[in-house]
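Both of the next two complexes hold chain A, though its partner changes from chain B to chain C.
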Partner chain A sequence: MHAQPVNKRLRLSLYVITLSIFFSLAFMISVMIGTMQLSPFEVADSIINPNSDPVARSIVLGYRIPRILFASLTGFVLGVSGGVIQTLTRNPLADPYITGMSSGAALGAAIAFVVPFLPYYAVPIMAFLGGVSMLLLSIFLAKKAGAGPIGFILAGVAVGTFASAILMVVLALASEKSHGILYWLFGSFSTSTWGDLQTASAVSMPAIIFALYKARDLNILLLGEEHAAQLGIDSRRLWLLMLLLSSLAVSACVSFCGIIGFIGLVAPHMVRLTIGSDNRFVLPLAGFTGSLLIVIADNIVRNPLNPIAEMPVGSVTSMIGVPFFVYLLIKKGKSFGM
Partner chain B sequence: MPKIKTIGALAVIALAISLVTAALVFSNNSTLSALDSRLIAMNSTLNNLKGELSSLQDELNIVRASYYPLVIEDALGRVVTIKSEPTRIVSGAPSITETLFALGLSSRVVGADSYSNYPSEFLQLKAQGKIAIVGGVTTLDPEKVAAQKPDLVVIDASLQGKFIPALESLGLTVVALDTKSVESAKSNFQLLAKITYKLSEGVRIVDRLNTAIQNVSGKVSGSSPTKVLFVVWHDPMYAAGNGTYLGELISIAGGVNIAGNRTGWVVVNPEQVVAANPDVLIMSSMSLPMNPEQIFAYFRSLPGFENVNAVRNNRVYILTEDASNALERAGPRLVDGVYILGYILHPEAFKVQLPNVLAGNYTSYLGR
Partner chain C sequence: MACNLVVDGIRVEIGSCKIFDNIEIRVGGGEILAIIGPNGSGKTTLLKCISRTISPVSGEIIVCGRPAREYSNREYSKTVSAMLPQWPSGFSMKSYEIVLMGCRNQSTGVWWEGEKELEVARAALGVLNAMDLYERDFDTLSSGEQRKVLIAKSLAQRTGIILLDEPVAYLDMKHKLEVMTVLRALADMGKTVLVTLHEIDLASKYCENVVVLSEGKVVAAGKPREVITSELLSSVYGVEAVVKWDEEIDYPVIVPKTGRLQRGEISCLM
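Let's turn to the complex of A and B:
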């Protein structure tokens, strides 16, 4: 691809500007709409004035803002990790769930639902443990197989399928607890709290910031191991570290909100198709694109006009993400790739 | 002369006595004969009645003998022929099992689903191996059903309708019931009573439910409606909406369902609960996901719930085990369920304050 530098810079700034405008709009609309419609003044009042209507105040500060922030964080983490993992595996179809981590998290969460009398915060803890253990298992198996990125993808598929199989057994045995499990699997931000946000960002943000910091090295990794070695980069060590950190970050988020699909796959491609494949720009912008997509999807979910209300946000991310993805694919299919 | 006077007086007295005696005897005789004739009349009436009774009995026997084959229409509109009085019955759902037992058919039930657990006689028969378990409510095993050689299989139309072709191909007589409304519960009692020739028992069960509903809705009619949210799961809050069987019970018991603006079982987000501010929050589950204290703590931990009336006034109720079953199963225990809901929503009308956790011990609080 021989894009003109000026053209590229223009596209980049256009993308950033558009993204910022849409994200600010989506954020503001998110705070205003829901069960109770609030005007921008009411929103501002409930944030600034501690003596404002306690109902509006607890809705804005207790539910909407942590919910939107958690959704944004998850979208950001999924977008960045998706970009990282697509680069690592050199596979445009890869997403952060390729390690079998999501199936592991789902299994952990399901077990926490089924085991009687666990406290309510057992679900994210078990989901995180499940996700990380499947991640480590697939890395271990891939290293044993030693077949590089392909071996890694296959190990992830194997581990993930195995975890899913056990999950099905748990679901079958869960009887009336299964709707709790299913709802978690679909993904939802409806009960995201400030506490969830703190915990998830404490784990995921350092990992994601490190990944962004190493974006240049990832570019070099794409050129091949020898090339990287010449530039003083231990590519195997970097490979493993990046994989672990980005998966860990995703694991921390989805353990709270459930498996949100498609963002990790589509967000990096949306950026690449617009501005090229330089990871220094792709990764942060994929993060912001992911945030935007999730906040929009969550808005649709919370929309009071939506008759089903609170439908699974994961299905909406796919429903709005796929058509756009297909459009890009048809329009720019030739330049599709890493 | 005085002697003559005395004799004369004595004679008069004697004559009077004899006259009175004669009169008495005569009148007694006439009373007796009247009684006699009445007795004769009654005897003949009795004989007539006896004759009528025996002819009625004959007729009844004829009716009973020709009662079967009985043609009925089930909840799915299927026309089913019941060939003879069912003696080996398999039930597909707890509400059906409970109805069969309430109709006095305990000795005829030979199979049931794995969720059935009431009454205690059922558990005994199950432990003795007289009732086999033929699968779960959504996972009925047609072969296990057939193995019981039933002459009647009663199933839940919406959850088990998919098994009808398999059951019929095994040559079984299947009746599907709708268990999704109070009206359908009543018609289920009547239909099962009709099918099993337990007509008076059926009438009694329906009457008991009607009386309970009239009592409760009558008592609460004077009170202003209580805003309530009824959930079966805490996260997400999975609530009974409009058109559900529980939504119907809520309005019978004088409640306004805050999830009633949407139809069916719906997910309600906590923000909506804060905005709607229900007076009562009920969580009902046959087996709870956490212990009651943890559930109360969870609801208290949600932002803004400290301002929700139900939490502020300690009117969060947890129903589990039998208390939950009484309410959620559209069986004869619905009578108890209607009262539980009435007491929870309107303690002032009934002068009864239920504890916040109701389980298998709930009957001791109903005071009936």
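Let's turn to the complex of A and C:
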């Protein structure tokens, strides 16, 4: 920490303070709004006082807080995993969504929905297998073509489109179950429970903590496998381990709430633009930034003017994320070696 | 600290293309060995073999009496450091972040660099007279400045054997001499230094031995004064030049004879 120059520490503190303020605000607003509008006092009362209005109490404790916490967890996992995948592929434009991983996870989950007699936990497992295989396929194709960062994105788009095409076929064939799958594909936190939160965090948090623990070695992986090996890193093993762990963490969250795009791209870049590429700062702060973005998106989704018709949260994050992606391509494309 | 490096008859093929065959090189502690030769003669490939980026098809690289392939990544990183200029970009990094990465091999801290590592990183940049680059973005540096940061990264590894691929390319005259002086001082402290150079005069001045590589073969090896001759420049580089050793300053003077362009195509460029 003492290695950091003064102006970097200043920007770091400012970033953390701003993030905390906005996150607290978003969290509070999120508990207050919905079909039943609550004042801050009612919220506080229902949390602290066991004899308060049972309806408000059940809405706040049984419905809204697990929902916000699950959204925050998902944002954190997507932010950290996005940073990790960008590091592993040495591609600043990589993101679970763009690299075909999310489409693969969706396909895997949809198959698990459709196949009869599968237990409920088959969904996250199939999502994980689908996600990892599609990500590995796009990495393999890009390597085979000897392509740079843009080639990798193209391979990811190709693989993702292919997975989506198969998904459409699955949807069409399983028409009676397609509503459930579609709902999942839209992405939503409206059904999140304390149980979902427990399962998802039990799977994803160890993986995420390990990624944070290895942040310094991940920095060295930014130089590529060969350079990292010369600096004493067991680079091939670390690379594969990190890829599997971050895919596992993403699948664990995404299998409950559905596909949420572009958080993994936007969050790490917001940190990089402020305090540089050091993963020891990028990964944890990208996690918190991801949480903030998703909680905000989830607030937008629960449009207070029409609380019955929720928008899909994945669409909202994509609407924020796509312009940012285009901005990065135009503004920063040159420095990415494209 | 003193460590011998023996390259014992290695053969390298990339794809189906043979880069070189049966290369033999020996360097001991306290010694700088310069590898010179024309572009494309296999100098960089040789360094990549020794740094284990490329594995040879046959032959053996022996480091401190032990075959290089038997080392773990961590052990090897404490024994051999390599400055290979093909540097990946894409993520902007500060110079000091890159130099500190060199310290990773000796580091016990998992998360933060220790006080000792910061000291080493500062010393590595300081000794190259490049402290002013400390907080600069690597991507915004000139080629010569980037070269210095990468050399500092290698020095920060604090290994017994240092490999450098064209460490003085892109540097101006003063900085070329600075870098060579640092390498000389490190060798005098007992390190084993292997450099590829295009600057034949610097090689003769600063290095105990030179190896001349041409078309994947060692065509000459030995003391610079014996190896660098006008016959060699003519046969290896195809350059007619006068080589004169100035006894007073102990430095070779190489004066190329300017030739007239024989090819007629240049008229098309008018």
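By our rule, the second predicted complex is superposed on the first by the 242 of 338 C-alpha atoms of A that agree within 3 Å, B and C clash if a C-alpha of one lies under 4 Å from a C-alpha of the other, contacts with A are read in each partner's own complex, and residues count from 1 in each chain.
By our rule, contacts are C-beta pairs under 8 Å (C-beta built on N, C-alpha and C of every residue); 3 or more make two chains touch, one makes a residue touch a chain.
Only a predicted model underlies this, so the values are computations on that prediction, with no experimental measurement involved.
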Inset, instruction - Go through the superposed model and pick first if A:S58 touches only chain B, second if only chain C, both, or neither. - result: first
Inset, instruction - State whether A:S188 touches chain B only (first), chain C only (second), both chains, or neither. - result: first
Legend entry - chain B versus chain C as contact partner of A:P206, first or second or both or neither: neither
Inset, instruction - Check the residue A:A215 against both partner chains and state whether it touches chain B (first), chain C (second), both, or neither. - result: second
Inset, instruction - Once the structures are superposed on A, label A:H179 by its partner contacts, choosing first (chain B), second (chain C), both or neither. - result: first
Legend entry - Touching both chain B and chain C, residues of chain A: none
Legend entry - Residue ranges of chain B in contact with chain A within the complex: 136, 232-236, 238, 262, 266-272, 274-277, 285-291, 294, 298, 302-304, 307
Legend entry - chain A to chain C touching residues, read off their complex: 1-3, 5, 90-92, 149, 213-217, 219-220, 222-224, 226-227, 229-235, 272, 276-278, 280, 335-337
Inset, instruction - Would you tell me which residues of chain A are touching chain B in their complex? - result: 34-36, 54-55, 57-59, 61-64, 113, 116-120, 175-177, 179-180, 183, 188, 190-191, 193, 302, 307-310
Legend entry - Residues of chain C that touch chain A when the two form their complex: 51-53, 72-74, 76-78, 80-82, 84, 87-94, 96-97, 100-102, 104-105, 109-113, 115, 118, 135, 139, 157
